[in-house]
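Following this line, the structures themselves.
Each of the next two complexes has chain A plus one more chain, namely chain B in the first and chain C in the second.
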Partner chain A sequence: MRILRFVGRRLLQLIPVLLGVVVLTFLLVRVLPGDPIRSILGPNATEADADAARARFGLDQPMWKQFLDYLQGLFTGDFGTSIQSGGSVGGEMALRLGPTLELVVIAVTIAVLLAIWLGIWSARRADRVGDHTVRIFALFGNSIPEFWLGLVLILVGYATLGWFPAPSGRVDPDTNLTPLTGADLVDALITGNGPAIASSAAHLVLPVLTLVIGVLAPLLRSVRASALEVLRSEAYAAAAAHGLPEKTLLRGYLRRATLVRLPSLAALVFGTALGSTVLIEYVYSWQGFGQWALRGLLYRDYPVVQASVLIIAFAYVLVFLIADVVHAWLDPRVKI
Partner chain B sequence: MAALEMVPVVSGSRDGRFAKILIWTGGTILVVVALAAIFAPLLSSWGPKEIDPNGTLAAPGGEHLLGSDGNGMDVWSRVLHAARIDLGIAICAVALAVVVGTLLGMLAGYLGGWVDDGLMRIVDIFQAFPTFILALAVSALLGGGFVNLVITIAAVNAPAYARLVRAEVRTLREMQYIDAAKTSGASTIGIMWRHLLPNSLTPVRVIAPLNCGWAMLTLAGLSFLGLGVTVPTAEWGSMISLGTSDVVAGRWWTSVPPGLALLVCVLGFSLLGEGLQERAEARRR
Partner chain C sequence: MTAPAGTPGREAAMTVSLLDIQDLSVVIHRPGRSVAALSNVSFTVAPGEVVGLVGESGGGKSMVARAIVGMLPNGSHATGRVGFDGADVLRMDPADLAAHRGRGAAICFQNPRGALSPTRTVGRQLIDRLVTHQKMTGDRAAESAKELFASVGIRNPGRRLEAFPHELSGGMAQRVMISLATGCAPGLLIADEPTTGLDVTLTREILRQFRHAADTDGRGVLLISHDLASIAEVCDRVVVLYAGTVVETGPAAKVLREPAHPYTRALLRSVPDVNGGRVVPTAGGMPLMTAAPHDCPFAPRCAHAGEDCRTARPETTSLTDGWSLACFHPQETALFAPQEAAPASPSDPAPLPDPQGGSSVAPGASVTADNAEQAGRVVLRVQDAHVVYRSRFGSGGHHALRGVDLELRAGETLGVVGESGCGKSTLAKLIMGLVEPSSGSVAVAGKTVGKMSRVERTRAQMVFQDPIGSLSPRRTVADSIAEPLRAAKVPADARAAKTEAALSRMELDNSILTRYPHELSGGQAQRVGIARALVGQPDLIVFDEPTSALDVTVQAQILDVIADVASDAGHGSVFISHDLATVRGFADRVVVLYLGRVVEEGPVDEVFDRPKHPYTRALLGSAPRLGESRTAEVQLVKDLDEADAATGCALAARCPFVTDTCRSQEQTLQSYGESRAACWRVPELTALIGKSA
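Coming up: the complex of A and B.
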């Protein structure tokens, strides 16, 4: 019950932030230079053609009228019509979110599990060779440009060894996969399409690996730091002095206490992963949300820019909210 | 690519020897990169934009030390010259972010009230986005070029500094020496300038080098997507982007060297930052 009240209160606090995002994107995308209409018309279009096109998308209306229309659309779940493609922005977005979420969720999950295991391992060997190796690795991970790492993996995994498919899509089109959620591996599993399962899994390996290496480093550093803090705490020293078996110490004391700080960091990492996927999707021609949003941004496709910015902000703040709930659940000292 | 965040390091060693090694290694790397940037024209026989008409995609060795790219430009020369623009933009952007962020943070923290409320709500909106996405959006709207890129990267980072300095100032504000200064008739600006500014910069000093590394990665990422620095100007991200199709064909030399240079340079900043952070923590104990 208390949790529900807490979530409700936090959701209410989100409203002004999201409203700010809506207003700001709406204004900025229109005020700053760039014209979406000119980019869809050919070079020979006359001023009259441009005016007609503008009227078709309601861009001839005064700014406040456009804003009210947009807001009204938002409340009815209508994100508008894409100027580039003429399709419904909501529908296009739904198709693009699946592939990107598949990538991010798999990578962040793997990275979190790896970070917990490796971080605790490293903290227990503090200031010895193994620990220094892990720290140096984390520094490398923090410093590596992911898009370049993606290219290096393509160079090795595809161009040299030939173990993985070419970076030009998410699944082999010959497998006739029926798209349901957009996340190809999930779709293949649901429809029981054997070849598609193999093909989409093979396509996932390199991009997921790229993303894992990119997001692992900050998680690893944080797990290591909080594990060290626990190891040096009086509570842990007392438990160890009582002669508790190693297993109980590790599971009951070290692991749980270490995990307390992880949720908020995992949320932060989810955000950086969203940013990185724009680059990684580009490298692997993933045709996901990132590429769609980038294209919209480059062509000043107002409805697409507005929708994608809003969704990213919403997802990001929502993940932080989930992180706070998980934190409260892990740490009984937190009062919410 | 982790943005501004204070992840505690908590060193294992108590004597700070490891911190010293980190600072020295990072510093050395950065000095070498800076020297390479300054003396780039002396270290390469080709100009960074010079086109070799009978040598596109030439393999390394021979006339081109690291080969040439699809435009027939010398990769080694471009990798060296790119350090100028990459370092230049990153350092200018972080400096600007520190100045603006510190100023806003001090105002919000010391004055409180509606100034604080207003500024922090704006910071909230900025921080409702992953930083790279924000940089992407701002630079797509503002356009490329040195000044615009500096503004973009600074704008994305300034809110974090504002928040950091604000928190620091709010603790400092309650200190007795501030009261003492007030009773002896110091002006608000005097207190801010002489007492709050120097003391609130401690965490900023530790974070700024890490942030420089992040700024370089952001800049390269933007250029990779075609939003930052564009060909023919030598920049690591756009060089990597130009080599994308070569990689699929198995040609490594157009995109691997610029990426390695970027990695090494960012690593220099990371090592320096980590060392500084570890030393700061050791002092606190």
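Coming up: the complex of A and C.
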């Protein structure tokens, strides 16, 4: 009950945050040098053509009018029209968001689980060979640029071994997958399309692996550090001195106490991953949200930039809300 | 070494020893240095026996406990034998060790709040132990957890099982810790400083739990403590450790009353006594041994040491049945010299250490108007002060002080006592202007504290509980001491002279001036703290539990210094302590606080020898007294945190003499003889106590 009230209160706080984001991005994107109209019209267009185009996208209106129109559109679920493609921003985004979310959610989930398991394993063997090996590999993963790692994985996984499909899409077109959410594996599972499940899963392996290796290190270090802290705490020593068996110690006295600090870091990692998958999307030709947002920014496609920033902000707030609830659930000392 | 015979009547249980430590030495190797934590320690504990392990920090008490459960720190090298039920703990393989921990020997940890896992309910933690060691399953374990909680005096055990450690008070957490240790059904129960940080009224109750475990369940109990006097009552035998060596072993009563080793005597004489006996400090501190000693480690601090003590280490020799010590010069005279021991009788109040010659308040006399004029100007006046800590959001909050009136004159020392949570520290903060009174007023030297300028604020100084923590780690001792002078805008050259003068009064060498706090011992740091308070010749010094973080013999040294400082005519002193005995040493008047109210007030001897209020009686009754075992004439019925004082007398929920009048009527201070107490039943109490006894 308390949790529900907390969630309700936090969701209400979402409104001013998002409103602030809307105002800021609306202003900032217009302050940036460059003109979206010129970038679509090409060098031969006359001033009259440009004016006509401006009028078409409502850019001839005064700023406050543009903003009110934009705001009104947002309330009716209309994110505007892309200057670049002329299509509905909402529709394009829905198509793009699914694949990226699928990639990031799967990767971060795997990274968190792996970090918990490896971090605790590593802490229990602190300063022994296994511990050092794990830490060195995590550090390597963190230091290698993602696009390079992606290329190496393609080279090994596709070109040399041939185990995984070519980095040219998210699912084999021959499987006739009906797109529903845009997340191909989810769509395949919903429609029960067997070959599509296999194909989309196979396409996911390499990009997910690239992302996991990239984000694992900070999570792993955090879990290891807090597990060590718990292991050296008086409370754990007391439980051990009372002769509790290893299994009870691990499950009852180490794991939960260790995980207490993880949720906020995991939320941060998730948010960063969502915004920064663009390189991985490029390498794997993953027609995703990051690429779309980046192109929007490059061409000063105002509605696209505004919508993508809004979505990322929304995702951050939502993920941190989830993290806070999970934190409160893990740590009885936290009052929400 | 065979188990020494214990008290008569327990003879049968004594024949087999449960724990048999023989010649145990532990050396801890760290990069760059090694520490001899224990050197040739031998003692035994039999089933059903309570053995006290006594000594100051650094003496090796906790190391003994760790050795018994086979959890010595990394890099330690142990020799000798820790015999337990025939097996040697030091040579156990991991499987045997796992079986030994908990079931064989279980530790009750010193800081129960820290030793309970924060993310697991206490019930669950207890059930873990029951399942592991008593092979119980599900419902039966839950049922027996409830019984165990009830048996250690936890009310509402069913509900408490669901509690997380942070939801428990200190006393409750300690009870849970005891139930966890007994839940392992151990042969030997080890309690590491089980009563540190607990209030006097609770201390006795907790110690009784250990006696109970030995008497009814036949467990061996090893009670580790720095305070010989408080644990002696429940112990059969005591073992005194100094610098990792056993200096004296023997029946508790004997060691307590006729200690033969100079260290044991120093230990006992360092503890202030509620009866008013003076503390006799022993100079110096415990050395850190780098190797097993070849001489008597106590020799440098010992008044009786001869040449032999410095060249050879005394063997442990047996005196009488079960009493042995390691000393070339055992002492047989009375612990306190006659003139020091005498003033304990209540009919003849102890002459106070005379504050400042003629202008002092006569011993035992109330502060009447003309006396007060003699004693000088008023340095502190607190009038009907209330302090409410508001909760962060919304209404409500914690009412820390509820109408306190105080008046203190220069040259006078006021003792403030009470259990934790009674508002002592809030009172200190209030006087220093660190919290604002919600209503009422506080004036130091005639000026309202809240309206003082920065320079005027230096007129009141404070000595803190944590000596090292209250000094800035990045400032040298000289800088720290000169802090109030800088605040008072004293020029630099005058500062240096005053700093050195203050330091020499603390009997510290000038070479200490350039050191940093982490290079000081606790005793030195507290002397620096006192020098800092003293340097600006303030009107008022507030001592907030200045010795509770120090070792016993160091505490005695500091108390001696404070007694000297408090007797200055130039300033008034407020001495705040939870320990009644320390207050009695040098306070002229004493105020007993309970839940933010003054429940009794008067001249120190009057209050201590003829307490009026039931709460004061309970406090005094629970305080340990050297060589006496007596039960408190008034025993409070509940823990502090369970008492809810909505209306009427604050003590109503815990008082054994409560009536409906108490519950409905607010009690105010009324004069009874020379002291004042906030209880309307005072005239009847003597008869009531007689009836219940």
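Throughout what follows, the second predicted complex is superposed on the first by the 329 of 336 C-alpha atoms of A that agree within 3 Å, B and C clash if a C-alpha of one lies under 4 Å from a C-alpha of the other, contacts with A are read in each partner's own complex, and residues count from 1 in each chain.
In this section, a contact is a pair of C-beta atoms (placed from the backbone, for glycine too) under 8 Å apart; a residue touches a chain by one contact, two chains touch by 3 or more.
Not measured: the values here are computed from a predicted model.
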Problem set entry | Joint occupancy of chain A by chain B and chain C, clash or fit | fit
Problem set entry | First, second, both or neither for A:Leu268, with chain B first and chain C second | first
Exercise. Just chain B (first), just chain C (second), both, or neither: which does A:Leu155 touch?
Worked result: first
Problem set entry | First (chain B), second (chain C), both or neither touched by A:Ser276 | first
For this session: Return first, second, both or neither, reflecting whether A:Phe147 touches chain B, chain C, both chains, or no partner chain.
Result: first
Exercise. Touching A:Ala241, do we find chain B (first), chain C (second), both, or neither?
Worked result: second
For this session: Between chain B and chain C, point out the one touching more chain A residues.
Result: B
Seminar exercise, completed: Reported in degrees to the nearest 10, the CA-centre angle with chain A in the middle and chain B, chain C at the ends is 70
For this session: Would you sort A:Ala257 into first (chain B), second (chain C), both or neither based on which partner it touches?
Result: second
Seminar exercise, completed: Min C-alpha distance chain B to chain C after superposition on A, in Å, is 5
For this session: Using the touch definition up top, name the residues of chain B that touch chain A in the complex.
Result: 1-3, 5, 7-13, 18, 121, 124-125, 128-133, 136-137, 140-143, 213, 217, 220-221, 224-225, 227, 237, 240, 243-244, 247-250, 252, 255-256, 258-259, 262-263, 266-267, 269-271, 274
Exercise. Which residues, counting only chain A, touch chain C once they are in their complex?
Worked result: 233-245, 248, 252-253, 256-257, 260, 330-333
Exercise. Which positions of chain C touch chain A when the two form their complex?
Worked result: 69, 71, 98-104, 106-107, 109, 111, 114-120, 124-125, 128-129, 131-133, 164, 166, 180-181, 184
Problem set entry | For the chain A and chain B complex, residues of the former touching the latter | 16-18, 20-21, 24, 28-29, 32-34, 126-128, 131-132, 139-140, 142-149, 151-152, 154-155, 158-160, 166-167, 214, 217-218, 221-222, 224-225, 228-229, 265, 268-269, 271-272, 274-276, 278-279, 282-283, 294, 297-298, 305, 309, 312-313, 316-317
